[in-house]
Amino acid sequence: MSNAFVYNFDQVQNEMRAMAKELLESGEATMVIGWEKGALPYQSTPVMIRSAEDVDKLIWDAYCQQNLSTYLIDYIYTDEKVAIFAKGCDTRAYNRLIQDNRIKAEKCIVIGVPCPGMKNAREAARLPENAEVPMANACKECRYPNPVVFDKRVGTDVTAWCTERDFSDVEAIEAMPADDKYAFWQSQYTKCIRCYACRNICPACNCTSCIFDQSASGWCSKDINASENQFYGVTRAFHVAGRCIECGQCEMVCPSEVPIMLMNKKFIKDIDSLFGAHEAGLDTNTPAPLSHFSVSDPEEFM
Amino acid sequence: MERVGVFICHCGSNIGAVVDCARVAESVKDYPGVAFSTDYKYMCSEPGQEMIQNAIREHNLNRVVVASCSPRMHEKTFRACVAKAGLNEYMFEMANIREHCSWVHAGRNEEATEKAIDLVKMAISKVCNNEVLMKGHAPVTKRALVVGGGIAGIQCALDIANNGYQVDILERTPSIGGKMSQIDKTFPTIDCSACILTPKMVEASSHPNIKLITFAELEKVDGYVGNFEVTIRSKARSVDMSKCTGCGTCMTKCPGKADDEFNMNLRKRTAIYTPFPQAIPNKPVIDRESCLKFKSRKEGKDVCGVCAKLCPAGAIDYEQQDELFTERYGAIVMATGYEQFDHSIYGEYGYGKYPDVISGLHFERLVNASGPTQGHIVRPSDHKEPKTVVMVKCVGSRDPEHGKSYCSRTCCMYTAKQATMIRDHCPDTKVYVFYMDVRTPGKLYDEFYNRTREEYGVEYIRGRVSKIYQDGETLRVKGEDTLLGRQIEIDADMVILANAMIPNPDSERMAQIVGIGYDKDGWFTESHPKLGPVETHTAGVFLAGACQGPKDIPDSVAQAGAAAVKVCALLSKDQLETEPTVSKVDNKLCSGCGLCVPVCPYKAISLETIQERVAGKTIERQVANINGSLCQGCGACTVTCRSGAANLKHFTNAQILAEVDALCQTIL
Amino acid sequence: MSDNSVKTANDVAENFEPKILVFACNWCTYAGADLAGTSRLQYPPNVRILRVPCSCRVNPQFVIRAFQRGIDGVLVAGCHPGDCHYTTGNYYTRRRFLLINRMMEYMGIDPKRFHTRWISGAEGPKFQQVVTEMIEEVRAIGPNRKLRDDMKVTVNTDDIVASVEADTKVVADNV
Amino acid sequence: MQFLEKSKLGVLLMQLNVQYRLLVPVEYKGLTQFAPYSQVEYGVSQFYLDGNVTVSPKTVYLPQSEAMYKFSAQGKKLAIEEMPALEHMQVLFGVRHCDTKAIACLDKVFLDEQFPDPQYKDKRDKTIVFALACNNPKATCFCESMGIDRAHADNSVADVQVYDLGDVYGFEAVSEKGKACLDGLTGLNEGASRLPDQKPQSIAFDAANLPEKLKDMFDHPIWDEYAFKCLNCGTCSYICPTCHCFDINNKMRGTTGLKLRTWDSCMFGEYTQMAGGHNPRPGKKERVRNRFLHKLQYFNEKHDMSLCVGCGRCIAKCPVNMDITKFIRQVIAE
């Protein structure tokens, strides 16, 4: 985490603006998606730049959490050539989307941005104005702060501050008695208002039609209660199992502060121990663990 | 509007004695969707079926539930029954209240009745979600492929060809003939194997409906019953088959030497060779491993070329490459045969180190007039005639610890045959046979065995051999006579082991290519051990001969004929009915992520590009497309599909959820 | 066990009779259950079999749904790996349910309530044994209240109080 | 005006809780919302007055999931069972002025003269609202710009006006219901009315011409600029105090079922999905535009009041920080 203070946001920001300007002026890109300053100091918001004159809107600071890769889906059927700025996790998201056949590489320009880790905006909102803001939870465990794939890049690589995932939070729940586990999840999922922000920001949740948007299908009901919410939670976690790129966006955007990554990390932990280490989104060739099998998978069902 | 008819069968007292059928019928009378409900003694009987058909007409039913035995028993019966009354046969469901209820809950009438009610409600809820389905039709390619050119493959191909259908024999070695061509005599008649085999080989090679594809391997099988697309690798023969006349001049001066596999490595052969004199096609191949030219090429040189110089037809082609080609077939017969168990794992038999401890197949070559010893029974080590021969049965068979758990079926008889042949050729030679059991369940088999002992004086000793070791020129055989309860030691000149039959070492890979099952030993799995012995679980793929399990020649030939009949029955149809209970993708819901593609065991799913109108603009995007003829309806894709776009007809998400809900509704 | 007793037994543990759903693949486990029937192998009448073509057809969402609707136990059963009628289906089942079983446990569902087993068409006795053991285990731990989505009419915020008032202990914010 | 020492608020709440079903703002594991006071008593949730709650008090009148009636069908017999009315009067304590205005907006919809919604009306009639004036607005607050009186809560909704006056709370009944309620409480001291010192809001603009301006902006490029970043999640709609769209569903268990009214959001694709598959609002742009225009133009045209009350919840919680005030200011500047 020591990278944070030696990292020069302003310098990278200047490079980003220059890069955007160059791409737009040369016509290589018809639009550039980056971040601009949001309503509050700890907020940033995606911005679409179409003209070289507007590049100064672009900013780069410790609150540029939003993953811009998912926006590429919106332009797959247009003639746009879209450039996006992408942190390490965003490039993994980009690979996820390529692998899921949701975007086409030739229509995108990925500008890699090495990332020193984003700050916890939720804490920032609670803390006094000038307090030291901790790193966002998912970023603390980030092992790929540098882009894993890119067409162009700005900044210089940072050294990863984390080498192994920290499963202590998952293990803490695993260690609880069954009733306590249930009470814990029950209490978390009673808070869920099913706004689907977690799903919609998730690069792995990229279906054109989610089963939770098909209330006529009988899969789910619009009734909101702990049971239905947990059904939603487990199902979504299962759907992204082995496909989650661990950006932690789902948890960050949850207005109810449900610890969603605790679900995702449980699957990640079990996949690693049962089927071998797997890192989603590092490339576009490695198949998702649930789309293949090995005859020598652990046998517990005899 | 669903109008379900519910029919509860008593099955005499089978169900009726435990389940209160009348109460079951009564309790679902008002269940949503039910228009009629009754019970009857035997629903599957003529009057029972008439009752269903009358009710369909009288009550205007559009769906039917029968609660009776297992659908594995009578689903077809009742589907046909409702179809006769004008309903689509898939608007029918069965509730299993016999095997799953009355038979397993005897005496617990109250609880069994409650359970039956639940099962019937589940079936009703499911049938309310059933959809009209139509069987599909696929054309049939009227040509068969027989994989393996041994006696089973040859016989099967002949039978198919004689029925008027085209058939190809795919053989991986340079010649057809298989194991039978290596065998000298056949039991129990002691007629010459080659004399009965070669006419079949010639018939096959000259039959207008048969094409031989030798020195070739099965590479890939796509498609489905009636329409297989088979990719075959034709290995480089280095001899142009169209030019070669089969004169054999090329082989006369070849300096390359290699072990002669056909003669069980008992002698050498040339690098350009035909496996045996009667080989078909009788055209040589170059064994590139032992050919001097090809060996020198690896070192950057290019020597020899004698055969090319000698060949009067100019048929030698050193530049030939393996060729891949694709053929279409309507049916495939697997006749890949067997291999001999390798006895070198057994320390007690000398780990295969002693040259005079040989296997049964070695003996066949020794005793064969065109074999390495011109038919003289001599020891491989010093070419002396053995005066004492010990034969050991069950080498690798019936030995779950080190070998195979099964009985290889043929060894008792071929041991007896070989024993009589030794006594015939060398009347002075003593023959001892160590055995665990003697199993001779075939026509004239036991008679033959008795003659071996009584007329030929072969001594049978019941017991295992515990050790064989070389002592000077003799082999000392130690064993136990369990009938007399004493240790035996025999000084033998030669030991013949009756090795087990094992599947072709490649059988598992072959099974995966073709998409059929195999058992723990690697034998191909038949679809039913009794009622489907030549069929497999993959429609259109059949089994002939020893690839399914150890078999002797008459059994292999019989099975080959059986498989041929199944093939002909299939090829006689112009179109095949296909089950409609397959997966289907709802394009509207599909994102085209392709996660279902690798999951499908039948390669039935591919991504296709479709055109769509989105916000007033025509766009192209990819969606999964399921080939309904390839799909077998397992449902693996439906769970992989996050958005529920892939759904399995007749076992749809809605149907299964309806069943789950129906079962649980009495709880909440 | 009358219909009525099922409803009331849920709160009277000593008379409790669990209801267990078995997802059985058509080719192996369903046939195995048929064999148990033809062999007259007796087992308690608490299981209900739902036939699917292959165990790989069983979506984990079906299993959660059953628990939501109040089932006491679920068994997913299919052919032994290597014996699948569809060649590879049950390998996917194995992967999926290795994960889901762990997740269910993580959610606080007693693992005794949820099993996956391979039962072949020849294993009538195994079917009998597996379901008998499972029924006994589930009977011993009582009715399942977890994950239930019943007909109670509450708003979300009341669930929190309900969860406090229920027999479960609320874990303090120490996690 | 009556006064209460701050330290005695707990005693007052306990009195209210005995006489009424008391709903207070609480924090529960990071989520703030109105919840039964019993949660505070049990120690499950913490009483929360530091700012406005994330999930607005509309949940009290229009729960996210609400049964409208119960039905059962046996054969051809159909039975319908009405849902019971509220048994007790309830007190909703600490509603901010933006949210009282929001309830006034909901009244326009659900207390329509011709077709009042009986379940909504039952709850409105049986709820006494203690409105609390904000002294320290958050950085996201802009109610004043949306025409909300920060000193006096909407009097069609508030029954008791509460002020934080430093070391004391001031209570003033603004309706008969409120007066009766206050009369039933002990420990309040009478005194001269005074108003708190309220800090100004950092966001300020004049939105008077907004509906008029928007009339001509249906095809304006501004929608592309804003809609592009929207994820089409329902966070804004669900935490918005005025968003009130709902869907009606069945929840079936065998032959019985509940007819449910559940929240819906115009941000969701299924919201405008027609039975035949056509969707008149197929994309982000159409959905974002509809939501903003409904808030800032359509509702004004129909009911002469803005459907945005300036609570700032969406600015704080939108996953991509869609800022409605930036939009408004941009439109004003057009």
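Structural remarks
We just call them A, B, C and D in the order they show up, numbering each chain from 1.
Heads up, the rule we're going with is that a residue touches a chain if its C-beta (ideal position, glycine included) is under 8 Å from a C-beta of that chain, and two chains touch if they have at least 3 such contacts.
In this text the structure is predicted, and so the values were computed from the model without any measurement.
In terms of Cα centroid distance from the overall Cα mean, chain C ranks first. By number of C-beta pairs in contact, B-C leads when B-D and B-C are compared.
Centroid to centroid, with C-alpha atoms defining each point, chain B and chain D lie 70 Å apart.
Averaged C-alpha coordinates put the centre of chain B at 37 Å from the centre of chain C. Separating the CA-averaged centres of chain A and chain D is a span of 31 Å.
The distance from the centre of chain A to the centre of chain B, with each centre set as the mean of the Cα atoms, comes to 50 Å. The multi-chain contact residues of chain B, meaning those touching 2 or more other chains, are 588, 599, 614, 640, 653, 657, 661, 665-666, 668. Under the contact definition stated at the top, the residues of chain C that touch 2 or more other chains are 60, 65, 69, 88, 92, 96, 148, 150-151, 156-157, 160, 170. Residue positions of chain D touching 2 or more other chains, listed in rising order: 28-29, 64-65, 251, 253. Touching chain C in their complex are the following residues of chain B: 70-72, 96, 98-101, 103-106, 108, 110-112, 114-115, 117-119, 122, 515, 517, 537, 581, 599, 601-602, 632-636, 638-640, 648, 651, 653, 656-657, 659-661, 663-668. Of all the residues in chain B, the ones that touch chain A in their complex are 588-595, 598-599, 607, 614, 617, 619, 621-622, 640, 642-645, 653-654, 657-658. Those residues of chain A that touch chain C in the shared complex are 169-170, 172-174, 176, 178-187, 190-191, 193, 219, 223-228, 230-231, 234-235, 237-238, 241, 263, 266-267, 270-271, 274-275, 289-290, 293-295, 297-302.
Those residues of chain A that touch chain D in the complex are listed here as 38-40, 43-48, 66, 70-71, 74, 125, 187-188, 191, 193-197, 199-201, 209, 213-215, 221-225, 249, 252-253, 255-257. Chain contact summary for the complex, chain B toward chain D: residues 29-32, 588, 614-615, 661-662, 665-666, 668.
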